[in-house]
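The following block contains the structure, expressed as structure tokens.
Labels for the chains are A, B, C and D, by order of writing; each one numbers its residues from 1.
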Amino acid sequence: MSKDETLGEALRQQGISRRGFLKFCAATASMMALPPSMVPAIAAALEKARRPSVIWLSFQECTGCTESLTRSHSPTVEGLIFDVISLDYHHTLQAASGTAAEAARETAIEENYGKYLLIVDGSIPTANPGYSTIAGVSNVDMLKEVAKGAAAIVAVGSCAAFGGIPHAHPNPTGAVSVSDLVKDKPIINVPGCPPIPVVISGVLLHYLTFGAIPELDSLSRPKAYYGQSIHDRCYRRPFYDKGLFAEGFDDEGAKKGWCLYKLGCKGPTTYNACATTKWNAGTSFPIESGHPCLGCSEPDFWDGGGFYKALSMPTEDISRTAVYAIGAGAAAGVALGALNRAKKAKATKAHEKVTINDLEKGN
Amino acid sequence: MSASLQRGINAFKEQIDAPVASFFSSCVRCGLCANACLFHTETGDPKYTPIHKLEPLRRVWQQNYTFWGRFAKALGLSRAVTDDELGEWETLVYDSCTMCGRCSMVCPVGNDIAYMIRKMREGMAAAGHAPEGLIGASQRAVTIGSPMGVKLPALQAQIRHTEQETGLKIPVDVEGAEYMLLLSSMEIMNFPEFIGAIAKILKQAGVSWTIASEAFEATNSGIQIGVSEIAAELVERVVAAAEKLKVKGVISPECGHAYMAIRWEGPNLIGRPYSFRVVHIMELLDELREQGRLKTTGKESQRLTYHDPCQVARRGGVVKQPRNLLNMVAEDFVEMPETGTMNWCCGAGGGVSANERADEIRLKAFNRKKKQLDAIRPDAIVSACSNCRIYLEDGLEEYGMDMPVLSLTETIAEHLAGTEQTGSKE
Amino acid sequence: MTETELLLWVRGPALQVATVIFLVGVAVRFIEILMLGRQKDLAEARGSALAGGLRTIVTRSVPDRGTLQRSTFNVVAGYVFHVGFFVVLLFFAPHILLFHEVLGLNWPALPTPVIDATTVVTIIALLAVLVHRVLHPVMRFLSRFQDYLAWLVTILPLVTGYLAFHRVGVAPPPTLIAIHILSVELLMVVFPFTKLMHAVTLFMARYYNGAIAGYKGVKS
Amino acid sequence: MPCVTDTASLPAGAGENLTHNVQPLLHEIRHALAKLLEDGDGTVIDLRSLPLAPGEEQKLLDELDQGEVTAQIQALGPTEIIETRYPGVWVVVHFNNDNEVVGKFIEVCHIPALLCSQQEDIREGLERLSHHLLEATT
């Protein structure tokens, strides 16, 4: 598929029927969390869409995000990568290696300057550029260089979006997010550790379909997927509202599928599509399998004071502080009380007998 | 700071104790006490809010007995209480408070405001901010033996008169009598019939009693003006006489604050428990009734209500006894709305009656009593405090109401079985 | 400071400081009051001071009929916001979790919609109480700066809690929670220095009142 | 049809009715049917956009049951189209080539659009047929 072909033409060339294309559009609408009534519009847009060049940069990351994407079940990743987008550079997925790979990147930049989409996974170390380099180029430099010619940047995963685990206290590499370094390009954050696969492909498809970035929240996340909290869409929410909580992982409440809030669930403050889109082809999501939400799509989720501690809980031992405080207060109280008693005793001692002759003012 | 102010502030510091500190700590300025005070409800003036009357005392507490108050004082952030302020508060503390304690019953956090007013008056008097009327009464009480200046010969004249009228011997200075009767000056001067009524009842019940010529006065100006030394001196006279006559008990007559002084404050004023018991006449009569030693015939057919004297009922704990007694002689006994420990004051207690300056506000506040009476429209009011009786009559007259105010003891005496005076007064 | 850092600070060091100020302050004031002492009553008792004191601690929660009639708004609004405040404080699941963590005690929670409605009613009652304080001649006359301060630090946790629960406002959720916790810490810090202390000392005040009356055989 | 909801981890009935979304969904379908009859307007409900407890989706599908039509499409992987026991209510499930569910819809219409032959495909088919006949004659 040449870059001048529209997607519709390309698919038809490959012998994909109109019916198949419509099915693809229906799945795409669902993936983009758009209502089914949008399917004709999507079909019309996709038909005319030209496949963009995509450069994928991986920095301090675990490849979990790529793994997640390649597990993306709809449409098939091959289809996505080779039919829908032109993935011109991706360490893990490209066949080329060494100088050839870097040359592919440079060519893609040159040929599509100002038009290509940049996808980043992983955080960028700033403490020492040597901590992470590709072909001798530091992550910071590579990001800045590639970002310059990008039409938009998608920060995939919590590391690229917020710094993620490398950024966690004490952050030895001085890891930062893409948005910490790039200020002059539209950035879409697709956080999660990893993000839900269909969310990654949904965001890419949205960009492809409409040629624009989707509506974003204050953390630059697409509202279509991150607009509601896990808590708001959680099927266990009725138990929360009724005050029925699992107190442990194997107690009666856990067996009955009660709310996991008391086990530290971050659902109430975590914005993601897990509760509806779910994982593994819509099979389940952490809460459904009995584990509290870790809040992985939120900034600094690793430093939230413990996965098994609710967000409103003290992070330090308050009980001991309380005991000491009461002790100290009691001691101070006794000391001050003694001063008061001394003052009162002094007043009693200073008491002059009041006689009937003292009652008139001036006596 | 002038010597008198110093003495006043010093007295405040002496008086503040744990209850006072807990009360001031708890006040949330909800203002509920305002509607419990007849001086506020009948004037609508916020300055008569009970807790506000304690403001100088509160400031002394805060500046001296709280850590942050001490701190603020050390930094010069708080204003010391001035003599002018005490002067300003004089009318609030003495003229528009009868220490009736109704606010103490209402305060949602449990502040005993009357308890604090009593303490505040110690400092006010020491600072020279007591009203002229009460100063005069106190001076007469100490020098003459009676706040109204009633001397022994006057009592002796009333005794002779009573003896003639009733044909009964009124015992004076009888050693070994069971009870020693105290009388308030008001009874001696205004209601001498009381002596005869007591004589009749105690004769029927077979109770031996006496009046002490050295200590017949029941009232105690000291606790009204707020000078413990004077109050103690007056109590000591009674105690000395009771001990000298070796009586088993002292009868507090129909007087509210006299009962408070001799029954509850007395031992604390002189710093030791009594060797005798103190009873209000209502308590004694009810005991006799219970023992079957008090028998009456006939009942009053008129509609009667009972006015609880604050110091006897709310502050003294004598609530059910007068009702037991009244039920013996009243056919149509009706309670006022808000009665017993929630009764409204006549407006003249706590030294207000001795303070002519307070006459105007006292009569204004009486409107509260009028409303209470209007709700039930009795033919007559019965009470067990001669001060209440006099000022109820005064208020009724002021408001153009025609309603006799009776002594419960006298009413009982009129219905004593086996006496010539049976039958009801129609 | 990121929102998570703020939340961590609020849940960590700030909470420690607030707890220390709160407990030291309360303990000091409690002991200060107790140590001022009370003279032994030498008059012959007619009733039990202890029984009277304990009795009044309970009974003073119920207004007498006359007060209810004459100060209906004051009593009702006061009741609503006190009960509402404690219902929300003590029966909201996340709050119980906190108490469980700190005190080791656990009790059942109320359904969230009930807590939600209670919060709204409590906030309305507090607003009404403020308007009343400003308009009522007696309350306006008695009010000092700290009365308004106490009102503010009382309503803040309710309002911020409501916002945090419904995640409204410009701030992200963790910040809303942080602001809510911070408002509670403000309440704790202000508590020992203001009339908020009444929450502790009213038990002493009622006890003394009831004991003084009970000794004389009066039910106060 | 492969079952996509894993209820094995929970005791039977644990999640049923939890979100109480089944009943409202049925009501929504009823309204859609009425609208279809009245104006001829169809409705599509995306089952993936709704929070459903484990077992609830199955409960909904059980409730709808099977009707007269069952169809299979082979285009970019299989698609199963089943008319439920309520005529006009269809369950459409798209699978990819690996037999993973990529979309699950309830369509309320006379016939799901995907079942209809598409203009472009017909045209192409016509071309192919013409070409085939031309080839046969030469």
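The definition used in the following text is that contacts are C-beta pairs under 8 Å (C-beta built on N, C-alpha and C of every residue); 3 or more make two chains touch, one makes a residue touch a chain.
Owing to the predicted nature of the structure, the values given are computational and were not obtained by experimental measurement.
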Most distant chain from subunit A by Cα centroid: B
Most contacted chain pair (by C-beta pair count): B-C
Central chain of the complex, centres being mean CA coordinates: C
Inter-chain centre distance, subunit A versus subunit B - centres from mean C-alpha coordinates, in Å: 76
Where subunit C and subunit D are represented by their mean Cα positions, the distance between them in whole Å: 58
Separation of subunit B from subunit D, taking each centre as the mean of its C-alpha atoms, in whole Å: 92
Averaged-CA centre spacing for the pair subunit C and subunit B, given as whole angstrom: 38
For subunit C, residues that touch 2 or more chains besides their own: 28-29, 32, 34-37
Residues of subunit B engaged with two or more neighbouring chains: 16, 65, 67
Junction residues of subunit A, two or more chains touched: 332, 336, 340, 344
Interchain pairs in contact, sorted by label: A-B, A-C, A-D, B-C
Touch list for subunit C against partner subunit B, complex: 28-29, 32-39, 41-44, 46-47, 56-57, 60-61, 63-67, 70-71, 74-75, 78, 136-144, 147, 150, 193, 195, 197-198, 201-202, 204-210, 212-213, 216-220
In the complex with subunit A, residue positions of subunit D that touch it: 4-6, 9-11, 14-15, 18-20, 44-46, 48-54, 56, 73, 75-76, 79, 94, 96-98, 100-105, 113-114, 117-121
Residue ranges of subunit B in contact with subunit A within the complex: 4, 7, 10-11, 13-14, 16, 64-65, 67, 70, 125-126, 128-130, 135, 138-139, 142-143, 225, 227-230
Touching residues (chain side subunit A, partner subunit D) in the complex: 12, 16-20, 22-24, 26-27, 29-31, 33, 35-37, 39, 73-76, 79, 233-239, 255-257, 275-277, 281-284, 288-290
Subunit A residues touching subunit C - in the complex, by the definition given at the top: 218-219, 229, 240-243, 245, 261-262, 268-269, 271, 298-301, 303-305, 310-316, 318-319, 321-322, 324-326, 328-330, 332-334, 336-338, 340-341, 344
